[in-house]
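This is the structure, below, for whatever I ask next.
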Amino acid sequence: MSSTTALPAYTSYKNIIVSSPNPFVAHVEINRPKKLNAFTQELWLEFGRVFKQLSGDEDVRAVVVSGAGDRAFTAGLDVQSASSDGILIGSQADIAKKAKLVRNHIEEFQDSIGAMEKCEKPVICVLHGVSIGLAIDIACCADIRICASNTRFAVKEVDIGMAADIGTLARLPKLVGSTSWVKDVCLTARDFSAQEALSVGFVSQVHEDKQAAVQAAVALATTLADKSPVAVQGTKELLNHGRDHTVAESLRYTQVWNAAAVQGKDFSLALMSGLKKTKPRFEKL
Amino acid sequence: MSSTTALPAYTSYKNIIVSSPNPFVAHVEINRPKKLNAFTQELWLEFGRVFKQLSGDEDVRAVVVSGAGDRAFTAGLDVQSASSDGILIGSQADIAKKAKLVRNHIEEFQDSIGAMEKCEKPVICVLHGVSIGLAIDIACCADIRICASNTRFAVKEVDIGMAADIGTLARLPKLVGSTSWVKDVCLTARDFSAQEALSVGFVSQVHEDKQAAVQAAVALATTLADKSPVAVQGTKELLNHGRDHTVAESLRYTQVWNAAAVQGKDFSLALMSGLKKTKPRFEKL
Amino acid sequence: MSSTTALPAYTSYKNIIVSSPNPFVAHVEINRPKKLNAFTQELWLEFGRVFKQLSGDEDVRAVVVSGAGDRAFTAGLDVQSASSDGILIGSQADIAKKAKLVRNHIEEFQDSIGAMEKCEKPVICVLHGVSIGLAIDIACCADIRICASNTRFAVKEVDIGMAADIGTLARLPKLVGSTSWVKDVCLTARDFSAQEALSVGFVSQVHEDKQAAVQAAVALATTLADKSPVAVQGTKELLNHGRDHTVAESLRYTQVWNAAAVQGKDFSLALMSGLKKTKPRFEKL
Amino acid sequence: MSSTTALPAYTSYKNIIVSSPNPFVAHVEINRPKKLNAFTQELWLEFGRVFKQLSGDEDVRAVVVSGAGDRAFTAGLDVQSASSDGILIGSQADIAKKAKLVRNHIEEFQDSIGAMEKCEKPVICVLHGVSIGLAIDIACCADIRICASNTRFAVKEVDIGMAADIGTLARLPKLVGSTSWVKDVCLTARDFSAQEALSVGFVSQVHEDKQAAVQAAVALATTLADKSPVAVQGTKELLNHGRDHTVAESLRYTQVWNAAAVQGKDFSLALMSGLKKTKPRFEKL
Amino acid sequence: MSSTTALPAYTSYKNIIVSSPNPFVAHVEINRPKKLNAFTQELWLEFGRVFKQLSGDEDVRAVVVSGAGDRAFTAGLDVQSASSDGILIGSQADIAKKAKLVRNHIEEFQDSIGAMEKCEKPVICVLHGVSIGLAIDIACCADIRICASNTRFAVKEVDIGMAADIGTLARLPKLVGSTSWVKDVCLTARDFSAQEALSVGFVSQVHEDKQAAVQAAVALATTLADKSPVAVQGTKELLNHGRDHTVAESLRYTQVWNAAAVQGKDFSLALMSGLKKTKPRFEKL
Amino acid sequence: MSSTTALPAYTSYKNIIVSSPNPFVAHVEINRPKKLNAFTQELWLEFGRVFKQLSGDEDVRAVVVSGAGDRAFTAGLDVQSASSDGILIGSQADIAKKAKLVRNHIEEFQDSIGAMEKCEKPVICVLHGVSIGLAIDIACCADIRICASNTRFAVKEVDIGMAADIGTLARLPKLVGSTSWVKDVCLTARDFSAQEALSVGFVSQVHEDKQAAVQAAVALATTLADKSPVAVQGTKELLNHGRDHTVAESLRYTQVWNAAAVQGKDFSLALMSGLKKTKPRFEKL
């Protein structure tokens, strides 16, 4: 990944690197490798801002996310940092007052991570090495999950005395096919392997190591970036909408969505290119 | 399948053949084999009408659907035909006016294909050969999916510059166990094989070729046709209801549904036959 | 399991045995082995009461459920007993009147079985031997499903002329990853094996025989009982809430739930123990 | 109303007259005055077809509905006709079989009446004289309700031994502001007057007699027909969508709807006309 | 009301009197007049049991609820009693532990009051004198609300430092027509009068004094008790279902509900009585 | 209002003034009186930020909103400003591209106005003079609406060729008691008076002029600011939650919410003050 082009518009982030390995493809790296990419509040606020920016950036059509360094995607929350901010631990506030602080704190945290799901471009998450706690919350917000064979997964929150609250419990059961398995890993906080993640459908590819996984992700992102952005972004939107609605509601929403989308040039361009066997070039979206 | 009995009540359809390989079993064939069974508007309107008729036909208790000929279940939308009707492509209407036309057009199309899901009898879909685009929308409306080993599946719409809008994006994620896989195939429009379809749970049987798959489907349909229609049709209804409701709502709906259903003769007849080890014969429903 | 300690608070049940193989672990056995643990109304009412009691019992942190004896988890409804109560069969009441009786009867039955799902402690269900009909309804209410290799599963209700109405049709499709498979087994009422149950994700472990399966379940329950009850019970609650809500609603509910939960001592205790590498002892909940 | 222009496209209906009192305004009259406009199955099927046709007719922008003759909007279901078709009364079918017939019968009836709600053009319902039973189901599907001072309203179904099933119980509580009043009139089946209907908000205007009420409705419809059809039809759609969705969902749906709608010419035309104080003429929709 | 017949089946309640002023009519009186009918836990548990019993009692077709004595319907929670049980006030439990106790406590309380809403027979609530706090929660569970002119209403909970949690905030906005008014009275905890309650639609009748209000309620209940129980109870069920569902879902549920209900004798009996102008006598339900 | 104390923390806004007429009460004024307080994008973005700030400001417990000057609350969107930004009018972008821009534009606008609804403190909106278009969208986000007798209301959007998209169509039908009236004013865009707004429940008080209305609003806000913030803010949250959920869901959410809230000091403080007849002083929240 050494020859990637750094994206000038994304140089203000302290804990995140955004490069562009291929045209229209962005690679987001969580960049605190010495701390196993553990998340401070500063980091998760940046994480939210990056994905909001990517969502509106017409030069980006597909995104790859990974951790920086070889050891971890992320080890989750930076517990020392969390201890010192006083919100979750140690304050002497009135219980009702503290409940309000905690609610607002969790909401801000959820919103920051959830910005990846709301990003209108498809996001491919590459898990590798230590990928526990918040790593799962983040991965659940991606569209496609790929991992290295050495990935150590765990829904770790029960072991720090709390129910996971940044999204894993809301999203994971809707991503994989066995609730018995979901409850097992969420209640026991046990590790699970890349192979197990593949067999339950949490990830859809396992690669030899991080480098191979990132390469595969970039290749996949490049494929997506070559396609009609109207079609790709509409497909993401409609799939996400469908998760939280009945089929009848999704069908209606689809009618209204496509009523504008198919009037764009991408549709006739792609259709004609298909008939003429030429490769279409799509306008920015 | 040469000795099937043609069903007299279904002879008016131009593009669809309905035969009856066994008592109470109907076999619906999409019949434009020279065009890889591609769908014109005429065909999809017939498709909707056939399933509405089957739903109300008390001589039918289970339905098998396949494509006619060896090459394709269906190659999807007949693009040439679609181009010429002017709704999706080429009209000069005002944008808001065209948006209305497109919405109504998609709704009619969705309703026609969705008639298979609404059909009160169980439907077994046999996929084989080319099964792309609309083929997946259709298969998602069936109850049980079986395929031939040569099936070439693809959610193809992204490659014609649009998000799939006849139901795949609404239904597919609720049918299989890996959202990562769903997004992969929907966003990339790549082909996937019978084996892959089986491993993610999209189909539940793979057979050597189309003939074997149709035979297995007819055998399965015949099994269903031997059982209590009250029980079978109630089971289909309650499973479909459950997909779009909370567990609490489904349980309540089930109470109300069975309050009438178990008062029918099928229940006592089946119960007694079970105790007496005899084979029950159920009345038409 | 011979050396388990019987739980004194649970000795009033006629058809159910509750023992405690390990501290904070309860083992519930359905105890009509001569009748293949078939359910009479008396039994299901007791089943509901047991789980309501366990839910409020601060000396219990995890529950294992199995059938007594080697032959069956349960063969389902005790048909002879059901025939004699006149609600479902044989009464001469007015149709609307009987509809009301049937609705209320099903509701009471659903509520009794559903008490296992509502129980605030995690429940591990061990299926073994004959596990048909109501066995599936019950298993669907558990958090984690484990089985013996000899388990004979079937969603049997269609064969007695009715749609399953105690919860299988509402819950099963949300527990496993292939709707095509769900509809197959629910419509055909065919047997399926431990291996098949594992491959579709219905169970997450298969063991050689009942004894090994129960041992594994007790070990797993013991692991859960060692962890923070606030974390474990919160995780169960949030996962169950998530099944029936959109992601956005689950995230909000999670904020409100954890606003109180993380103010408990378990959170800081577990956090500190993690940092200090000591083993925490949690207060009763 | 004698000088209205009959609409040629609507002459095939036997029990319904459609005229056009003003450009782009349609007046639908239920036309069985000798039978107090009571509904046979033939009539309600025509009713459904008329509104489907009006929905797609670009020469119609607003609709007024009334009964023909002076005595009744409608006295509801034609009981004699209903008795003779054997679906609701008198058949000897198996209970489960008859339950299916009844369900399908009610669904067809609901769909026919509901076509008025689904009609994309605003519908003003003029109630007058006898307006009981089905009259309320119909009125609930309109957008705006106006009545004559002599109107005799009643939710009459309880007095024929059944819960109203064509929509009153689903819609009425969402149309008016007092559930205590709704339950009073629905449970007692008592008459209520025009003045009472006005005071609870069921109707929004009361006029001296039928003629004045129809004139007011036509004037209101004419006002609507002068406005942008894109704006008027969008407003109807979004208000109806809002009734059945959360505010958050409605807001999102509104974004997607208007994304196409405001690109139409009506928006810039109306905006410019407003600034220039001219009267815009909108294209057909 | 002195000549009412006490109902023998309801004599075991300590704080509640159930009499029968007319055949098939039950009158429930909250009976702690010296304490302004304030609620202890014992009382609310009895309240829940009474309505569960009434729901299943085929000799009861309509219910009237009032307070005993002239001074109050109820002054709400018995604060002294509540203080002494230690659940809400004064316990030293861990915050997470106490949160669980509070949740379970509120749930039990909600379920007891909500039993009135779940009661399958229509309930008419007569408010009079002091009717504050819990009085509003209770009234919101009734079907029809009537009051005496001296009633003093208030949603009082804000003045004891808490948000009302037994149902007022969930139900009141769905019962009346002005959210601005609802928020005013809920946020300020101010008193409002019988006249104000009438004008916003919270009650549908105001009578001179308690005696007149009870008489009117009994007369109304008697009217309901004369009608088909299948029709009356079905109407209550469908109206309550409609409150919490979309119109489309209610229509479907209605189809399934009436599929059994109209097969009962009440329907043909009422229909024939209507044609023959005779008074029908309905069987018990 | 001349003696109000300006709030130092809110001096950075260009188009909005925030003062504090009483302790814990904030008065927000939309401040473009020469332009009838019409909204530019700059203004609505400020509007969203103000309410986000107020929501987190523990020195504010209740908020009053009005327009500056005597002529208008607001005349709605500043059409000239909107024309010049090119998003809604005049751009030459591809239809699909422009659809995305419009969606994102509406979303930003909705979010800014909706910040008032999300503000955790109660908001009292004072309408006066010209109050059309966006004025209604804003008012619908307030908790309590009060107006001056000279207010000129109109849901004006249809007259500029579009369906209102900032929230009126989603919220208004849920605030008032007559859908017939809602559709009348939304479809015709006609003016309605203070008296009409009062009679349908849109506002709950009408005062002689703006000054009197603002005084009444400040008095009401002061009353709310004297009460327990835990109780008041919890009541707002639970009422808003209830609007978009079933009763069963609201009851559950209430349990979880109050599990923390009643452990705060406000509850015991208010309870004790009530018993001792003293006036409680609550801590900041």
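By written order: A, B, C, D, E and F. Residues from 1 in each chain.
We adopt the following convention: a contact is a pair of C-beta atoms (placed from the backbone, for glycine too) under 8 Å apart; a residue touches a chain by one contact, two chains touch by 3 or more.
For clarity, every value in this text was computed on a predicted model and none was experimentally measured.
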item	value
Where chain B and chain D overlap in contact partners, by chain label	A, E
Rotation angle (°) superposing Cα atoms of chain A on chain C, nearest 5	120
Equivalent interface to A-B, taken from C-F, A-C or B-D so that over half of the residue contact pairs match	A-C
CA centroid of chain D to CA centroid of chain E, Å	34
Separation of mean Cα positions, chain E and chain B [Å, integer]	48
Rounded Å distance between chain A and chain F, as computed from the means of their C-alpha atoms	35
Touching two or more other chains - residue numbers and ranges from chain D	95, 99-100, 174, 176-178, 200-201, 230, 243, 248, 256-257, 259-261, 263, 266-267
Topology of the chain contact graph, where touching chains are joined (line, ring, star, complete, other)	other
Each pair of chains that touches, named by its two labels	A-B, A-C, A-D, A-F, B-C, B-D, B-E, C-E, C-F, D-E, D-F, E-F
Sites on chain C touched by chain F in the complex	253, 256-257, 259-260, 263
Chain F-touching residues of chain E, taken from the complex the two chains share	79, 83, 88-90, 95, 98-100, 102-103, 106-107, 110, 114, 157-165, 167, 169-171, 173-174, 176-184, 186-189, 200-201, 243-245
Chain F to chain A touching residues, read off their complex	56, 94-97, 99-100, 104, 120, 230, 233, 260-261, 263-267, 283-285
In the complex with chain D, residue positions of chain E that touch it	122, 143-145, 174-178, 200-204, 220, 223-224, 227-228, 230-232, 234-239, 242-243, 246-248, 250-252, 254-263, 266-271, 274-275, 280
